[in-house]
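Consider the two complexes below, in which chain A is the common component and chain B and chain C are the respective partners.
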Partner chain A sequence: MSTAWSFYLSTVMVYLGVNVMACLGLNLQYGFTGILNFSFIVYQAAGAYTAAVLTLGPHTAAMSFQRYIGGWSLPFPIPILAGGAVGGALAAAVGWIALRRLRGDYQAMVFLVVSLIATSVATNDVGLFNGSAGLSVIPKPLSGVVGMSLVGYQWFYVGITAIFCLLVYIVVRRITSSPLSRSLRAVRDHEQAAAALGKNVAALRMVSFVVGGVIAGISGAVLVGFISAWSPGAWLYPETFVFFTALIVGGTARNAGAALGALLVPVIFLESTRFLPQFGPPGLIDALQWVAIGLMALVFLWFWPRGVLPERRRIIALPTLRKESEREGAQA
Partner chain B sequence: MMAGCQAAAHAINAAGGVLTDKIKCQGFDTRGDPADAVTAANQMVATTSNLLGVLGPSSDEANATAPLINAASIPMFADTGQASFDHTSLKYFWRLLPADDVKGYAMALYAISKHYLRAAAVFGNDLGSQSDLPTLLKAYRQLGGKMVVTQQIALGQPSYRTEVEQLLAAKPQVIFTEASPQADATYLSELNQLGHLVPIIGTDATIQPQWLSAVAGAVGKNTLAKYFVAEQPYAPATGPSWQVYQANLMKSGVSKPAQWSTDSYSMSDYDAVTIMALAAAMAKSTNPAAYNKLIPEVTNPSPGAVIVHSFAQGLAAIRAGHKISYVGAAGIIDFNQWHNSTGGFEIAAYLPNGNLKLVTGITAAQIAPLIK
Partner chain C sequence: MFLQTVGFGIVTASILALAAVGFTVQFSVTNILNLAYGDVMTASAFVAYVSATAGLNPWIGMITGGIFGSLFSYLLNRFVYTPFIRRGSKLFVMIIVTISMSLILQNVMQIIWGPNFFTVPIPAGSSVRFLGMIFTTSQIVIIAVAVAAMLGLHSLLTFTKLGKAMRATATDPELARNCGIRTKRITDLAWLLSGLLCGLGGVALVIDLGSFQSTTGGEFLVPIIAAAILGGVGQPYGAMLGALVIGMATEMAALVINPEYKEVVAFGLLIVMLLIRPQGLLAEVASQKEVAA
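Up next, the complex of A and B:
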């Protein structure tokens, strides 16, 4: 394999890992709990910005071309973990407003507005994260320590991403195979019934929302460590819809479905458009890509609403019914 | 970008190509944000064989992608104006255009020379527009002007009525601007309707055909011609190198080629491709790693070097064993140790027939005292 292809494939692998993490986080919120979090990309951005300012170091002559708050040079993996913590904290703050008293549609509106406000603030408050120019020249984790070639480091970063991806998967798997998962599904499927059974609906939603925020933050921190730059253009609100489409295509409320969706939509589908020959005015392919993403979501919602890997339905017979059916079987 | 590239490709291919290889221009969409641009850059490097060089990256993603292109040992002639590249250590990075932080000084100097002491800054909230603003604010204040209102307008809005009313209330003598063609067209049209236009000084982005066409359509050609000027890197549309550029541009097959005749960006792109081809001819290799280090040797003025104005002239001089100094369509090229070659600026006015007229020049020497 040529060096160039090695470069490209390693880049795609890192993006796959980041997208799998993001989809697992959003799946926990949307697939398992039914929260239409249209601000998901904001928590990813929060993690990315946090990791960036914890890595960039203080303002010095070399960094004078960009302005940002803080500025530390903390060692790996602290910036990534801090990115997760800030993503979770931001989710807790937004969730405190949106999840306690509002229901489905209104929550979705609040999340969308949060996404628009966040982009606007980050763009216009230049002192925060260098405005629309964003942050750049962000040091890559451990690059000075491992002493590898550039291609070697690319694959090393694939390894780092895989480790974080595995950790996220283990955490999500623990949650989704525990009794907590059943409570989350109950909240998703019938909020009033869950409340009638004594479940604290708001608290359950908050747990799912914050854990999803932590995962989003980690995914953003891992991504920014790889691309070394981050600006509002990278996290506009339509990016969230790519993750939603991935879940709809792959299958909601199933971790394997989320991972498959992350592979099919942001990686295979979006990457394949890069190989199309240029046609039409500049930006046409980019615009058509968003149209195609929207159409893909609509087609799946219409024809395959449960996705490629549908959620497993757990049908448990009640004890009395089971006895009756056993009796009927014995009589027969 | 494609116009300059195709004009250069036409000239080079007509002269036999680079070591008999023909030049072809291919566009890659980096989609304007770092996250997308990294994969786009890697994909370009991975899937394009015989890549001679890159025209770009641009401001939106240069900090993320320039290191990748550099790592792949491919020369790039960036059109980013970001100050972070003023002292770059990237071996394969080259820049023929002035940094954004210098443009603001040129605009402020011209405004003060016209005795405009109260100004408004109306800039889009995108990266390209915002990068000019800090030095404009600094230089204008330094020269005694007062910025009475500074607006970052969100692109793509159907109306800017609130911002326009705020601007009218501040009573500026002049407006500095850079935003997308649609945003500025909407803004200036509403300003024209709600009050009246005042002199406008745009950045070089506003002198592009798309911007001029959109704004002239919104406020009228005569009105725009009455109020509008813009700065752009000094690239005189005269002289033998420009004539070669012009001739090849017209034959290159580019759609509506005349609109790119005086565009300094297209001239720079043309020069960049010509420089790479000449360096490859001098190195007798199209391997970028081999010819990259010879780029200053085909451009920078040096004692005994033969001045050449085209690829064909340069190729002949190289074959004759001479040192050469290529003078570009956009002027003399002299790379410093950080691979930047920048000159002065010109102020150009819009004419009702759609052409541009040189108003005055602003030299690097005039700007130098302001840069501290």
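Up next, the complex of A and C:
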């Protein structure tokens, strides 16, 4: 394998890992709990920003061309974990406002507005977020320590991404295979019934929302360490829609479906268009890509609303009833 | 300066009233949260732009924009939203369908017109002084259109059978159908009516802004949603009140703080409202529809 291919392949694999994490997080919120979180990208961006300012170091002469909050240079896993913490804290704050008393569609409206506003604040507030220019030359984690070649470091980062991806998967898996997930799905499918059975609907939504926020933050932090740049223009609300499309294509409420969607939509589909010859005015291919993503979501919702890997039917036989029917059968 | 800001506030509130009332009527009667609303506004603005640059009077352009918004909303429902509902798509799925349409519309406009800014050519009329406030002719027309639309909607909803049928459908579709109201026809009419307000609001918005591009309407969704929720979603009068509050507050904020933060102020009001009174300012119908769970 040539160096160029090795470089490219490792880049794609890091993107895949980041997207799998994000889709697992959004799937927990949307697929399992039924929260239409159109602001998912905001928690990802917040995690990325946190990780960036925790590695950029203080405002010395070298960094004086850009402005940001704080500025520390903390060792490797801390910035990423802090990114997750900030993503979760932001999710808790937004969830506290939106999830407590509002009906599902109102929540969706508020989340969309949160995403639009976050972009507007980050773009306009040069003092805090360096405006639309964003942050650049963010140091890559452990790059000074391991002392590898460029391609070698790329594969090292694939390893880091894989570790975080695995951790996220284990956590999500713990939740989705536990009784908690049954409560979450009850909230999704029939809120009133879940409440009538004594489930605290708002608290359950909040748990899923905050865990999703933490995962979003971690995935953003892992991504920003790899691309070493952050700008508000890269985290717009349509990016959240890419994850939604991924879940719809892959299959909601199933972790394998989320991972498959992450592979198919943000990685294979969006990467393959990179190899198209450039045509038309600048921005045309991007616009066509967005139209295609929108159409993909509509087509799947129309023909395969349950996705490639549909949610498993969970049928629980009632033991007493079955015994009675068997008894009746024996009598007859 | 203060009075002039009040004047700006009235203009913004007029545009917002057109858009937010359309949004809230659409949502309450049809029960579809149409997140493509802002993009239909932009599309109507492009229609007005095309007809105005083709030599038509720009104010006739506003009417063509309104008619386009009306027909387009109707067709959007007829050929996209209704088929999905018939197929059994639930609330969540419908919201994703509308946001897909939003993305598709926005980018189709981007494909056609590129990332450039456009201006609907409006001749600079003489300015009018009124109670110490100065308005341009186009601002006066925008206010007049909004007031006329609100009065028209008010008389439609209160005095005509059609309006009463619409309110009945919004409150309880099944009961309305049992009373002999043809709810399907009422829903179609609601799409036409709200689409008209959407189109007029879109053209008014871009005339007031001066220039626009394919994302303009989508971004305007923030104050629209803020005004609609502030007034209590599904309440036309609430949306009018919400539009007035948001319009004034954002212009005041632009004077006192920074024009860049107009949307943020609208958002702040929305958050405060959600915390203290999530059912909105006027909330009789809203409470029946279980707005706040």
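Worth pointing out:
Methods note: the second predicted complex is superposed on the first by the 325 of 332 C-alpha atoms of A that agree within 3 Å, B and C clash if a C-alpha of one lies under 4 Å from a C-alpha of the other, contacts with A are read in each partner's own complex, and residues count from 1 in each chain.
Keep in mind that, in the parts below, contacts are C-beta pairs under 8 Å (C-beta built on N, C-alpha and C of every residue); 3 or more make two chains touch, one makes a residue touch a chain.
Fair warning: this is a prediction, and the values are worked out from it, not measured in the lab.
In the superposed model, A:F275 lies in contact with chain B only, and not with chain C. By the touch criterion defined above, A:S231 lies against chain B but remains apart from chain C after alignment on the C-alpha atoms of chain A. By the touch criterion stated above, A:V113 is placed in contact with chain C alone, chain B being left untouched. Of the two partner chains placed around the shared chain by superposition, chain B and chain C are both touched by A:N124. Of the two partner chains placed by the overlay, only chain B lies in contact with A:L150; chain C stays clear of it. In the superposition on chain A, A:P58 makes contact with neither chain B nor chain C.
Contact with neither chain B nor chain C is seen for A:G159 once the two complexes are overlaid on the shared chain.
When the two structures are aligned on the shared chain, A:L102 is found in touch with chain C, with no touch to chain B.
Within the superposed three-chain model, A:A4 lies in touch with chain B and out of touch with chain C [touch as defined at top]. 120, 124, 283 are the residues of chain A that lie in the contact sets of both chain B and chain C, per the superposition on chain A. Across the complex, chain C is touched by residues 30, 34, 36, 38, 97-98, 101-106, 108-110, 112-114, 116-117, 120-121, 124, 191, 201, 238, 241, 244, 248, 281, 283-284, 287-288, 290-291, 293-295, 297-298, 301-302, 305 of chain A. Contact residues on chain A toward chain B in their complex (touch as defined above): 2-5, 7-9, 11-12, 15, 65-66, 120, 123-124, 126, 131-134, 136-137, 150, 223, 226-231, 233-235, 271, 274-275, 278, 282-283, 285-286. Contact residues on chain B toward chain A in their complex (touch as defined above): 26-27, 29, 31-36, 38-40, 42-43, 45-47, 59-61, 63-64, 67-68, 71-72, 82-84, 125-127, 130-131, 152, 154. Chain contact summary for the complex, chain C toward chain A: residues 33, 35, 80, 84, 87, 89, 91-93, 95-97, 99-101, 103-104, 106-108, 110-111, 114-115, 219, 221-222, 225-226, 229, 233, 258, 260-261, 263-264, 267, 270-271, 274-275, 278, 290-293.
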